[in-house]
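After this come two complexes, each holding chain A, first together with chain B and then together with chain C.
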Partner chain A sequence: MSVRDRARDVLERLAIASATERILISTAALVLSILVGAVLVLVAGRMTACTANEAVYYFGTGFCYDPVLVFDRLFLGALGDPFSGGWSPGGQFSITLRETTLLLFTGLSVALAFRAGIFNIGTQGQMVVGALATALGVLWVSPLVSGVVGTVLLIPFGILVGAVFGGLYGAIPGLLKAYADANEVITTIMLNFIATGVTLYLVSGVFKDPNSPANQTVPLPEYAQFPAVLFGGRQDFSLIALAFGLVAIGGLYYLLEHTAFGYDVRTSGIQPDAAEYGGVDAAKTIVSSLTLSGALGGIAGAMYVMMVLGTFQTGVPDYGFDGITVSILAGNNPIGVGVAALLFGVLKSGTTVVQFATDVPPQLVGVLRGLIILFVAMPEFFRLIGKRVTDAGEKAVATDGGRPGGESDE
Partner chain B sequence: MDTAVHLDGITKRFPGVVANDNVDLAVERGTVHALLGENGAGKTTLMNVLYGLYDPTAGRVLVDGAERSFESPRDAIDAGIGMIHQHFMLVDPMTVTENITLGNEPKKWGGLAVDREAARSAVVDLSERYGFDVDPDARIEDVSVGEQQRVEILKALYRGADVLILDEPTAVLTPQEVEELFEVLEELTAQGKTIIFITHKLGEAMRAADEITVLRDGRNVGTVDAAETTREGLAELMVGREVLLDVDKPPAETGDVVAAASDLVVEDERGVRAVDGVGFEVRAGEVFGIAGVDGNGQSELIEALTGLSTPDGGRIEFLGRDVTDDSRRSRIDDGMAYIPEDRQDRGLVMDFDLVENAILGSQHTAEFGPNGRIDWPHTREHAESIIDEYDVRPPNADSTSESLSGGNQQKFIVGREFERDPELVVAAHPTRGVDVGSIEFIHERLLELRKEGVAVLLVSSKLEEVQGLSDRLAVMYEGEFMDVVDPTATTEEELGLLMAGERPDADSTATAETERDVGASAGGERA
Partner chain C sequence: MSEATAGSADADESVLERYSSRVLVAGVTLAALALFLVGGWLFPDTILGTFADVLTSRNTLSAALRLSVPIAFAALGGIFSEKSGVINIGLEGLLIISAFTAIYVTYLTGNVWIGFGGGVVASVLLALLFAVVTIEFRADQIIAGLAVWLIALGLAPFASQVIFGGPNTPTVATPGAISVPVLADIPFFGALFSASPSVYLLFLAVGLSWYVFERTTFGRWVRASGENPKALDTAGVSVTRVRYAAVLISGVLSGMGGAALSLDLGQFTGNGPTMVNGKGFIAIVAYLFGNYNPVGAFLSTLLFAGLDAMQTYLQLQGIGVPRQLIRITPFVVVIVVLALVGRTRIPEAAGDHYESGEE
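And then the complex of A and B:
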């Protein structure tokens, strides 16, 4: 058997792998990426100078960085050291969940658009617009209410404002694509810059907090921010926000799998010609799915303002772009987005822990993170290639009798 | 007799599928050997093994008595085997000569330049030797489909082929062109060439072949002498049971006009009028057929009628209402069922399972999607009833449509559209690629719908099918209806002439090519 045939065989087997097999493969990939990462840490540790008592010793050789410690900090550190006693929810774990919550929304935003066959790179911009709109809207309304009633009213209101403005900002590339045939990749990238630029202009001018040197709005009143439930002292994570995220996962799953609209979206996403045949209005589906996708991005912005910062400040971190990776890692599946967002959250928050606990340079931690994502994403990638390979094979089988049909069941 | 090609115990497996199972095939030199079978029987796979496109899982290939192993078609060509695919592999803007010599051009100046004169004379010699009628200087885009096919054959001969494999060669030809092709095959075998001819049409196999090998489910179920067999016998071999070949059709009881088009104009993407001023009406309880060679505007006509494209002129009425500007969805909701020509791009979502595919087009109806929420349990029942009633195999609603063979995909679409409770069924090639047994069933169901008062618009390139089922039959040529005829009062030859663009009573419009055909058209597909 030649190398080529063997490669083909492997691809074909991947293409027909079951869900359990795929989970096993992903887990194996995670373990493998840690092993490869460990080797890198050891090699990098060999090439650095350190004193003898700082070094760790494996196989009778001294290394400056300890891979066990690095991965221990990266994972267990991010979870707030659950096995070492004295675990409290307010520690590093809440930062992990904070990142997870935000990535959940941006990941869902990208995933929804992907399912409709649209590559929404504009989640970042939609998030920024949603964030500013939430901050301004809540600031405008907050004097009318106060206390617990204020929290109960303002948080849904803030989320709604974020969703509406994020959605409107997402509708722009949707309309441009549906009615002017403008490529959404280009338009959403451009709209990201516009969002950043315009918010900077507004927040450094008319909406600037006169008491702050930073480009930010006036801080939201305490009662207009997410209360920290169970997570004691921390002000930048709320279980309620995470609960909203889980509801969003369920909602999007239901929307895609159980509604006629979701059916239209999925059909247009994978086979536009068949969608057209089935009476799906392509233009309407593009606009509505990008609007919804933008709304999810806008909610991420609302969460960022009402949970993390308590104000709108320019320089919103790249949650929108990370959402693309989260979505791809999850195979654009809403439930998968939950898992991928958690993995990503762990890696993001673990990175800072590693930097505190070790001398490993941040670039190397970045490489380790990249390796993990690459390894976990690769099997899915090869599976897609495998599908293509088997398809090509089967299409060549049956060319007789009009249209090719595949002879698979005969 | 000596054997030109001998396939010994060929088995070809694909993941989860045995396409060929221990197939033996011996082809005598200087004969036409037909490889007959339903879609999915493994005919093309077997020939792809012979042509070096696939490695057999087991078995031997012997050419001229010597065992050969082909890594690629290049090796097969070197061994004197040529294959003419169903879809021609020609470069449209290049001339006949350039296409034939492409890749093997005679060289001059030490290999630096193509010797055009030598190439041209080689082509002229070759076509004279086999009595081919081709113009060596014509561009491919300017010549007829039949001539393109002869160019493909010449290309194989130019490369030194002794054994020619033709994959469904008649699918794109008019009856007259089919007859011409058969004459070419006779001339080739007379000069010692060997022909293997893949087909699923019984009549053609009997008309053109010396020997017929029938494949069923990847196995050789018998090799028979064409002169000593009958259509019924062959059909039984193909299907494995007795088959009724003739459609028994009671007279039509027509009602109101269900759908009508007037002065319909549809332009293709280049701005050429693919449909040029067509008008017709279809009444309840009748089958209105449209015959014609593929690519004469039938596809554009039905896409406009079903709402998948917007006509560039004219008017479409459905149930007495002008629907020219209505969306596809509103036409579906009004009761227009459509079996599309292109089942894999249009008719099914390949990655969806059959349950999901069962509601393509009715996802917003009160039955399957009340209040925008899809009723999956009911949809599953519906999918299972289609699978059961239309004999879709494998009978598993959870399999993706991609995993089904072409014929079973088609059966599922036909079932879904027929069970929509339609006012009008637009059926484009409803039995294309479907096995003989299921053709019989689909035809019966179509006539049942007609009896229930459904209007049917049937487009098919199978003359036998449109002629047998239609109550009125239009023949379409270059975007226009040549004529609307009574199919029972018209012969296949007359229809063939209309399909070639010639009105029987208007000799002045006849082209040189069709004139030559008139004398040679006896026989045809029915033989």
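And then the complex of A and C:
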């Protein structure tokens, strides 16, 4: 076997090993963060006060919060209690799917940028800008149409407006990185603050709904919002929006894996110098991938306005930051984003159930968000543990698959 | 090899550009200051007069110093970490966790200084986690830094909710101001001599950090660990140890900044981006703009904090620009500065894991 064939063989094995390994690491990271979360719940349960009757006892010590109950509520509650009978599609499960839909778009937004080797922390800001633009655009156009025709026209229009404005807002850090060498981590974070400030100014002033005490725009007419299909309308979830999200997954997968642009993006992400040497226009790739990433964030904003709120209000929840977790958990793979968005959607929707059933604050999910990223970021830790386990049994298989593929040496 | 030399030639070329853009920013700032002062003196009733009043107000300087404290401390910490080769994007998280813990411990013990220590300890522990994850387990430094930020962003309001029943803590005692007699009565500059103890601690920390980098062996090790870890290893110094020490120092310094931030106000507020509100990220820009020099980082922090202080007073003066828009000026300025300074020459080996030959 020639050296070249051997090299290819090793590479192929690495690719398979790394895909399986990725899934294993992500699963392990998820499990580990949930375990740490359980410990946190126990510790928090020691720090708060409750009566002796309310407390639960583990290892002879009383705790105010019961982690078993917490995680029972977190997962089964988020799925709408499928095992206790009386499951209905309009219950908590539809909230889980609603969160999943929004996380799909923010996750894809982050994933696309990460694949190009760009840390887009600004999905949150792009979502906020897209959301306000959608609300204003749809409000402006909605008097022209009405009824079912209105819905059919306004929803694509709203998504388009959100995508365009989110995309333009994403282009700013792209241009700054490509032409002024400004680090995108910092610029996108600063742009998040700016987006919040400017939208607050606009919505508390010019575009404020005079009939509402909150800083929000005039509500969109009913026909400009996503219609509920199959799932009751009470929980602000639309299967159409989710279907659109699944199409987006397929679209991004195709774009990344089967188009010239996708090739440019992937090579720039893996080996920027080599990509540039091979004829990839680095500046153009940076700007276009951040624009597209921003557009996906903007669509998340459009969905939030047209599906969840029915208006734009300040204080948009942290879907953009959650998107970072979703993308990292998914190994920045569009199809993985689908799975990770569902998992994280369960966590997000479950924490509200937990808050009802126990007194554990919903900020718990914020902690889990960070822990998951941290654990996924340290594959070496799991490799070490994995090695311990396999070494004890038999001699390690495919030792080359256990090494990080050429990351450590430059 | 040839690529490496080409890279360094590039760097040499851009040294000129880099300095010229720094000089440009500094020049524009000074020119603007001069314009406001002279213009305000000539036309005291115009908007220039308002600006001049704000600029020469002793309150502006004292507010600028107060606002500098968390940013400058975090920037000093960031310098240590990044010079050693570990990019610490998690400074924001260190500030958040120490700001909360400082208030909590003060609330428990009733002593501000024990609370201050508690904040520092919390920040060091989180920095230790970051160090283990990046140095031991070779995690990507940027992603691990983001994780540190997000963990603190979730943990502080979570703990506050559990302990105090809301994301904001109750108020505790503040350390109060230390006034140097006589000197404190000087107009304008008197603000330097009548300030919170944390401001004096900051002066001390800036001086000490400068001394460590310029005059001590440890400072040289930190620099070598970021620029040429192999050489340091060959010289028999453990790169891993130096990096651990540097990241932990960044934890100590950021912890002091976060504790000072919340204790000076006597409360931790944990809504949205918490009271830290991007100060850790501004700190990163401050040390990049200050070219990794502690004194430079302090001066650029003073520029950002000065703007922040001015906006507070401009709001009070009511110059017709809406409050919400004045509030975003520091963030806009950070982006402009970053775009003008462009790529600073980061330490050669920053961001890379270093594997010494021995296992």
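Everything that follows uses one rule, which is that the second predicted complex is superposed on the first by the 288 of 410 C-alpha atoms of A that agree within 3 Å, B and C clash if a C-alpha of one lies under 4 Å from a C-alpha of the other, contacts with A are read in each partner's own complex, and residues count from 1 in each chain.
Rule of thumb we're sticking to: a contact is a pair of C-beta atoms (placed from the backbone, for glycine too) under 8 Å apart; a residue touches a chain by one contact, two chains touch by 3 or more.
In this text, all values refer to a predicted model and were calculated from it rather than measured experimentally.
*Asks:* Given the touch rule stated above, what does A:G279 touch, chain B (first), chain C (second), both, or neither?
*Replies:* Only chain B; A:G279 stays clear of chain C.
*Asks:* Should A:T259 be classified as contacting the first partner (chain B), the second (chain C), both, or neither?
*Replies:* first
*Asks:* Does chain B (first) or chain C (second) touch A:I194, or do both, or does neither?
*Replies:* A:I194 sits against chain C, while chain B stays out of touch.
*Asks:* Going by the contact rule set out at the top, does A:N183 touch chain B (first), chain C (second), both, or neither?
*Replies:* second
*Asks:* Does the superposition put A:Y57 against chain B (first), chain C (second), both, or neither?
*Replies:* After superposing on A, A:Y57 lies clear of both chain B and chain C.
*Asks:* State whether A:W140 touches chain B only (first), chain C only (second), both chains, or neither.
*Replies:* The answer is neither, since A:W140 touches no partner chain.
*Asks:* Specify the partner with more touching residues on chain A, choosing between chain B and chain C.
*Replies:* C
*Asks:* With both complexes overlaid on chain A, does A:T267 touch chain B (first), chain C (second), both or neither?
*Replies:* The answer is first: A:T267 touches chain B but not chain C.
*Asks:* Just which bits of chain A does chain B share with chain C as contact spots?
*Replies:* Common interface on chain A, chain B vs chain C: 273, 404, 407-410.
*Asks:* Which residues of chain A touch chain C in the complex?
*Replies:* 40, 44, 47-48, 119, 121, 176, 180-183, 185-187, 189-191, 193-194, 197-198, 200-201, 204-205, 273, 315, 321, 324-325, 328, 360-361, 363-371, 373-374, 376-381, 384, 404, 407-410
*Asks:* Spell out the residues on chain B that touch chain A in their complex, using ranges where they run on.
*Replies:* Of all residues in chain B, those touching chain A are 14-17, 19, 38-45, 48, 53-54, 85-87, 167-168, 171, 198, 200, 217-218, 308, 327-329, 331-333, 338, 340, 342-352, 356, 359-361, 363-364, 369, 372-374, 376, 393-394, 402-410, 429, 432-433.
*Asks:* Going by the contact rule set out above, which residues of chain C touch chain A in the complex?
*Replies:* On the chain C side, the touching residues are 3, 89, 129, 133, 136-140, 142-144, 146-155, 157-159, 161-163, 167, 272-273, 277-278, 281, 284-285, 288, 322, 324-325, 327-328, 331-332, 334-335, 338-340, 342-343, 352-353, 355.
*Asks:* Show me the residue ranges of chain A that touch chain B in the complex, using the header's touch definition.
*Replies:* 12-13, 16, 258-261, 263-264, 267, 270-271, 273-281, 390-391, 393-394, 396-410
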